Every structure is written in C-alpha cells, then in structure tokens.
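Before any comments, here is the structure.
Labels for the chains are A, B and C, by order of writing; each one numbers its residues from 1.
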Amino acid sequence: MAEHKTPALAVDGLSAGYDGPDVLHGISLTVPKGQIVTVVGPNGHGKSTLLRTISGLTRLRQGRILAEGREIQKLRPHQVAAAGIAHVPQGDLLFPEMTVYENLLMGAYTTPVAETVEKRLDFVYGLLPRLKERHGQIASSLSGGERRMVGIGRGLMAGGDVMMIDEPSLGLAPLVIEQIYEVIGQLRAEGRTILLVEENPARVAHLSDVMHLLDDGRIVWSGAPQDLLEREELLSTYLGG
Amino acid sequence: MSDTSSRLPVSAGRSALRGDLAIGVVFLVCAIAAPFVIESKYLIGQLIVGLFWAGIAVQWNLLFGYAGIFSLAQMAVFAVGGYGTAMLATYLGFNIWLAIFCGAVLATLFSMLVGLACLRLQGVYVALLTFAISSVVYLLIVTDTACFQMIGTTCRQFTGGASGFSRFGDFGMRQLLRGDWVRGNYGIVLAGFLLTLISSWVIIHSPMGLAFKALRDNQSYAIARGINRFHTQLLVFGISAFFTGLTGGLYAAHFQAIGPSVFSMSTLLFIMAIAVVGGTGTFWGPVLGTIVLMVADELMRDAGQFRTLGLGLLIAVFVVLLPRGIVGRLSDFLTTIRARRAAPQQGD
Amino acid sequence: MDVTIAILVTGLTNGALYALATLGLSLVWGSMGMLNMAHGSMLALGGYMVFTVAVSLGLPVWAGFIGAAAAGAVFGGLLYLGVVRPLLKAGGPGFETSVMIATVGIAIGLENALLLVYGGRPLPQPFAVPGSVQLGAGVMPWLNAVIVIVAFVVMAVMGYLIAKTKMGRAIRATAQNRDAALLMGVPVERTYLQVLGLAGALAGICGVLLSSITQLSPTLGADPMLKAFIMCVVAGLGNLPGAVIAAFGLALIEAAVQFALGARWGFPVLLMLVIAILIWRPNGLFGRAQIRRM
C-alpha cells in the first residue's frame, strides 16, 4: 500500500481569483488514488474556479498543486493536461462543429500512440454505446445528455491519472442525470480517480469516498458523505435545506 | 484625461474641463504666436499641413476612439469635402467659402450613406466595407477617362481623373496680404481647426458623447438602456464627416489643388498613426500625435526612402507596446500619482 | 460565344487566385479573430521570392514556389511572435482593431522594404507557361489552366491538412473553443503560430501565381487582398468552404460585368452586390452570429 501514500492529486493552501479579490482562500484537499472525492456547495462559491485553477485556466495566487507528488501549479493549461489531469468542464465546452468521433479524438490529443487511442475509443464506446451510434454527428446537434456523455467520454480519452468532472448534472432532466451518475458509478467500480464537483450532496453521496463542503471560497466541512447528509444544520445553513 | 470624466463624479468632470481648458489655452497661445515668431514660410506651411492632419485625426478619433466605429473611409470623406469644394468652384463658379461649406455638407451626406450601409455590421465588417467603399471611389476617379470639358487642347474628366483639379480659387489672401499670404492662410486654417477641436470636445462631453462611449464599451447594455444604435451611429458618421469635409475644403482651397493622392493608403496610415501614437480615445491624443509625427517626419526627411517603412513599423510598435498612446499612458501615470497622494489623506 | 469563354477563363483564373488569398485570410480570422491586413503584402513577398530564387539564384522555378511558400511561412511566424502574440496576451475587446492597425503598419513596412530591396520598376516574373489552346470560339492561355490547377492542388492539400490531420483538428478545435482545446492539452500558442505560418505559405504561393499574370510590384497584393476581404465578408468570416465558393462566384460575376460594362465597373458592381448581401445577412451568406466555423 506504499504507493497510496502519494495522492494522485493534492491541493495545498490554494488561493485564486479573477481580476478582483480572491475567490478561493487557502483550499487544501487530497485525492487519493482510486477514490472519488467530491466538492459540494452552493453555486457561485468557487467550485468551478477550484477546478479551473488546478487546470491552469485561472491564475493561482498562492499555494501548491501536486500531481503524483510533482508540483504543477506553474504549468500552462496544456501542460497540466499532458501531466495526466483530465478536466471535464462545466457546460461541456465541446467543439461544436466537430463530430462526436473528432471530439473524442481531441480528448486523446496528448497520446501519440494510435493503438492506445483505439483501445481507449473502444472502452469509451463500450461504456457509452450512444456515442458509438452518433459518432459521425456534429456535436452541436446532440441533446444535452448526449453532449454531457461526449464531454465525459472526451475526458476518458485522455487516459489521465485523475479526472475532474464539473457538475455533470447541470441543466439535465432528472432521468438523464441518473444515467450520467450511473456512468460515474461504473467508473468508480473500475477504480478510477475522480475529483467531482456537484451542487447537491444527496445525488453523489453513494459515489463519494470523501466529501468537502465549499462555502464562500473556503472548505467549511470535510468528512464521509453519510456524515454530511446526517448533519441537518450544515445542509440547511449552506445548501438551503 | 478628459475621456475618464464621464465615469467620474461631477467635480472630477469639472476638473477635467479645467485641465482641458488649461492645455487648450497653452495650445492656443503657441498656435497664435507661431506665425509671428517663425520666419520661415516653409515651416508655417508645414504647420498648416499639421493642422489639416490633426483636424482629420481629431474627427477619426471621435469615430473610432470614442464611438468605436473602425472606419477606413476617413480619407474618402476628406476627399469628398475637397473634391466637392473644387468641383463646385470649377463647374458652378461658387464663391470659395460657399463651396467649402457645401463640400462639407456633401461629405456629411456621403458619410451618412456609408454609415447606412454599415448600420447592421459589427467591428471588422465595418472596417472592410468602409475600406472597400473608399477604394471604389478612388478607382472610379483615377480610371475616369471620359472627357467632360475641353480646356484648350487638353480634356478634363468630370471627376478630374488622375490629375485632379487645380486653380479654382483660394482664400483671397494673396491680394490682401501679398507676401504674407501664408500667414493669412494659417489663420484661416487654424480657425477651422479650432472649430473642429471645440466641437468635438462639446460632443464628447454631451449626452450624445456618452451614448457613443456606451455603444463602444458595451453595445448590448447600451441598447438595453434605450440608446438607439442606428440613430447614434448615423449621427456620429454625419458629425465627424462634416468637420472632416470642412478640413478637406480648407485643404483644397489652401493648396488650390486636390487630386486622387489624398486617398492613398499611406495618407490614411499617417492619420491612423497620429491617433494611435497620441492615444485613441483621448481628447488631446490626435493633437499630440500630430506634433510628434510631424517632428519625426521632418527628422526622417534625410532618411527619405526609409520614411514610410519607419512609419509602418512605428505604428506596429506603438500598438503593441503603448496601446493607449502617449496621452493614454500619461493620464494613467497621473491617475496613479493622484491615487497615491489621495490614499494617505483618506487614512486620516 | 467567344465572350462566354473569355468570361469563364478570366472568372475561373481570378476565382482560383481569390480563393487562395481568401483561404489564408479566412483561416487566420477563423482561428484567432484576427484580420490580417498584411496579407496583401505577403502576396507580394511571395512574388518577389520566386524572382530571387529563380532569377537571382538561378534555381529551377519549382524551387521558387517552395522558396515563396517558405518565405511567407517565416514571415507569418514572425508576425505572430512579434505582433499578434503580445496583442493576444494584452487581451481585451480591443484586440480586433488593434491587430488590424498593427498589421496595416506591418503591411506598409513590408511593401516599402520590398521597394527598397528590389527597386520600383516592374520586374519580369520567371514563372510563365507559354502557348494557349483554342476552346470553341475562344482562347485559353495554358498559363491560366496551370494557375487553376495549382490553386486546386494547394486547396486540396490545405483541405486535407485541416480536415484530416491532428494539426488540422487542433487548429479547428482551438478556433471553436480555445479553453477546451487547452484542456485537451493543445498548445494553443503553437497552433496560432502554425496557422499564421500556413496562411503565410498560402500567401506566398498565391503571390507567385498572381504575379505571373500581372507584374511584380510591391503593391501587387493590394487589389486581390481587397477583393479577398470582400469575399470573406460575403461568405462569413472564418468559413473556409464558403470563402472558396464566394471567391469563384464573385470572380465570375466580376468578369461578366467587366466584359459587359468595361473594366472599371467590375469592382464597384461587386461592392454594391456585397453591400446588398450584408444588409440582407449581416454575418455573410454562410456565416452565423457568434459561432466561428472552420
């Protein structure tokens, strides 16, 4: 179990913001290998900013980010991706005029070996058969749920050590949300390492190993998912009930 | 300097007025003293040219710097003013002053037509269309070979063709002042420039100017707040064209000539350089830019053939390194100093 | 009937040239929202390079084509590193106009540099194809046929690069969603460099073809660039297939108008048409608001 001591991803004292004051204040958390760590909290309190900062899209002002123990906070976004951190951004950010197949290929941009890409494509098509059916379709013509699946599939194509998924349920119908979380459940069963962001803790409690509650740019509570769901006062204070 | 006034409270607006007034008085004193102090007729002639460039740049700055309309038809508008003056004086025997005024009106109409064609377009589409329109006007003039009038043995095309118009009248200073006619012309051109400058100050600080800036900075918000984009855009095309056309008329009357060379890309580039070097969207930018570039131009006269090359690179360097120009950088600098001075007082 | 043949020959030749010029402009606009006003001067650079390689150095003409493409690519790369990258870094909504002004400056600079190096008098162009073929009642010079063929080959290569290769996918991805491309690990700055290099190479080749039917002069690119702009606008900026269609369509119309009304009316009529199209569809015939297509 020695290798489990180095977490796949660790964030230490991270502060970040856009043009104005800091949005995140001294965030620290670790994502151990093979676990799903979830950050929950109300919208507009820095969950997406956290993922964007790890990816290098938003400038970090203080703190360290470690991938497999290696400092990556100074890397540019494309270098972070190459370092094995796959980011499935909020609102999908697909390439709208490309086909599903091309979108998936873009996910494997940093992978030079064609066979590896083929193998991952087979895996993604196996996990998300709908994408195989639609592989030649232009991304902008897909339904919301299908787009989300392309986003997750594209993230998987990177074959990274860690996958960061930003609110996969956003804007989807309840039935479709269930399908998406089923897919994430399968990934959990596969032993993938995931940093998940979600507004509603009840949706992801059964998937998560550890949960962090983010409020106003600070982590206000951390622990096992079941514990959070039992803490009525936390839920009503931070998540309105 | 003054361009920040709209965002500041009234007292700051007043201090901007005071600042502009102070600079204006200094400029006016220098400008009036110049013909009495300077002996060389060549230099006074260059000052007149400088006033023309500054006048065009001030109006282009109103269009681009304040209203955010990137028009490349500025020299075409100027040419319409000049050609209008020349043609009215040549063909219809208009008195030169009336011809200049009518030329400016023609330029306004022309520009509003251009504005109408650009009404629904954004950003670079406006630039391309205005660029194309002025190229077409230029091409139609230089390829005009059909004889309209025979003068002696040579034929004159209606548009003047490749050679343009000359000797259609002047300000009448030669009869009035004899050898000193250049100083007389200088006075007239200076008066025209002051009219241009003051009118643009008034526009920038009027509610209309605020509407221009609002459209430039955030179009959808401005429209949501009830600013009519079509009217505002047409208005700024028209106003800036009137004074640009007026400058064109004065140019034609001063040189007693106008030809298709005013359309040339390097002239347009010079105007853009003036605005960019001085600072687009700043009130004094075009004036300072003219001074800097005219002096640089005189110094580069020895370098002759490298002049245009240098000018081109100068523009690129300024856009990259000093995007707000000299005046913009100066005013940023002053703001930081004032903020630093103000900070301890607030602490008390 | 000979008029029809003449219109077709002129229209298709010009269409091929405009299409190449338009492609370079549209590629750059589509990927970084930049209108490259220096594109016309890069056409001239290509024309003069073939002169240097084939006449001054005495190498074969095909080497001149390579030299022109290489010179264009290098110039495009330098343009990116020296002007575009710092302006992109400064960011903000002013990029669109500031990059236009800066490239106008660069264009004037390059044209004058060519003037200083090669002198002002028109130079003969080494790339020439003699002879012509009788087509019914009309005549088609072989040169025109070669120009159209070369243009199509270049367009096919470009189409393959953009549609099928990893580099092309990265270019399109960056154009469609810059942030997402970064998250996929695409080094966006390198992609921009490639785009300006490709556009420069296209301009170089286009310049060689263009100067073979006109003459070498520093401003030889000004007129085709203006028309290429018009065609980009008609197609909707950044739409590559649309740009090619618009180039051929407008070139044929221009040729027809020139034969019917005289050479000087070709461009004015074209412009009227474009203004009418833009009033009807402000984002061009094939363009859509907000979405850049590649």
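We adopt the following convention: a residue touches a chain if its C-beta (ideal position, glycine included) is under 8 Å from a C-beta of that chain, and two chains touch if they have at least 3 such contacts.
Remember, it's a predicted structure, so these values are computed and weren't measured experimentally.
Without chain C, the contact network of the other chains breaks into the groups A | B. Chain centre most remote from that of chain A: B (centre = mean of CA atoms).
Geometrically, the chain at the heart of the complex, using CA-atom means, is C. Remark: chain A and chain C have CA centroids separated by 42 Å (rounded to whole angstrom). Each chain gets a centre from the mean of its Cα atoms; for chain A and chain B, those two points are 55 Å apart. Between chain B and chain C the centroid-to-centroid distance comes to 32 Å (mean Cα coordinates, whole Å).
Across the interface of their complex, chain C is touched by residues 64, 70, 117, 120-125, 127-129, 131-133, 135-136, 139-140, 143-144, 265-266, 269, 272-273, 276, 305-306, 308-309, 311-316, 319-321, 323 of chain B. Listing the residues of chain C that touch chain B in their complex gives 29, 35, 82-83, 86-87, 90, 94, 96-110, 112-113, 115-116, 222, 226, 229-230, 232-233, 237, 263-264, 267-268, 271, 274-275, 278-279, 282. Those residues of chain C lying in contact with chain A across their complex are 166, 169-170, 172-173, 176-177, 179-188, 291, 293-294. The residues of chain A lying in touch with chain C in their complex are 55-57, 76-79, 81-82, 86-87, 89, 93-98, 102, 105-107, 109-110, 154, 158.
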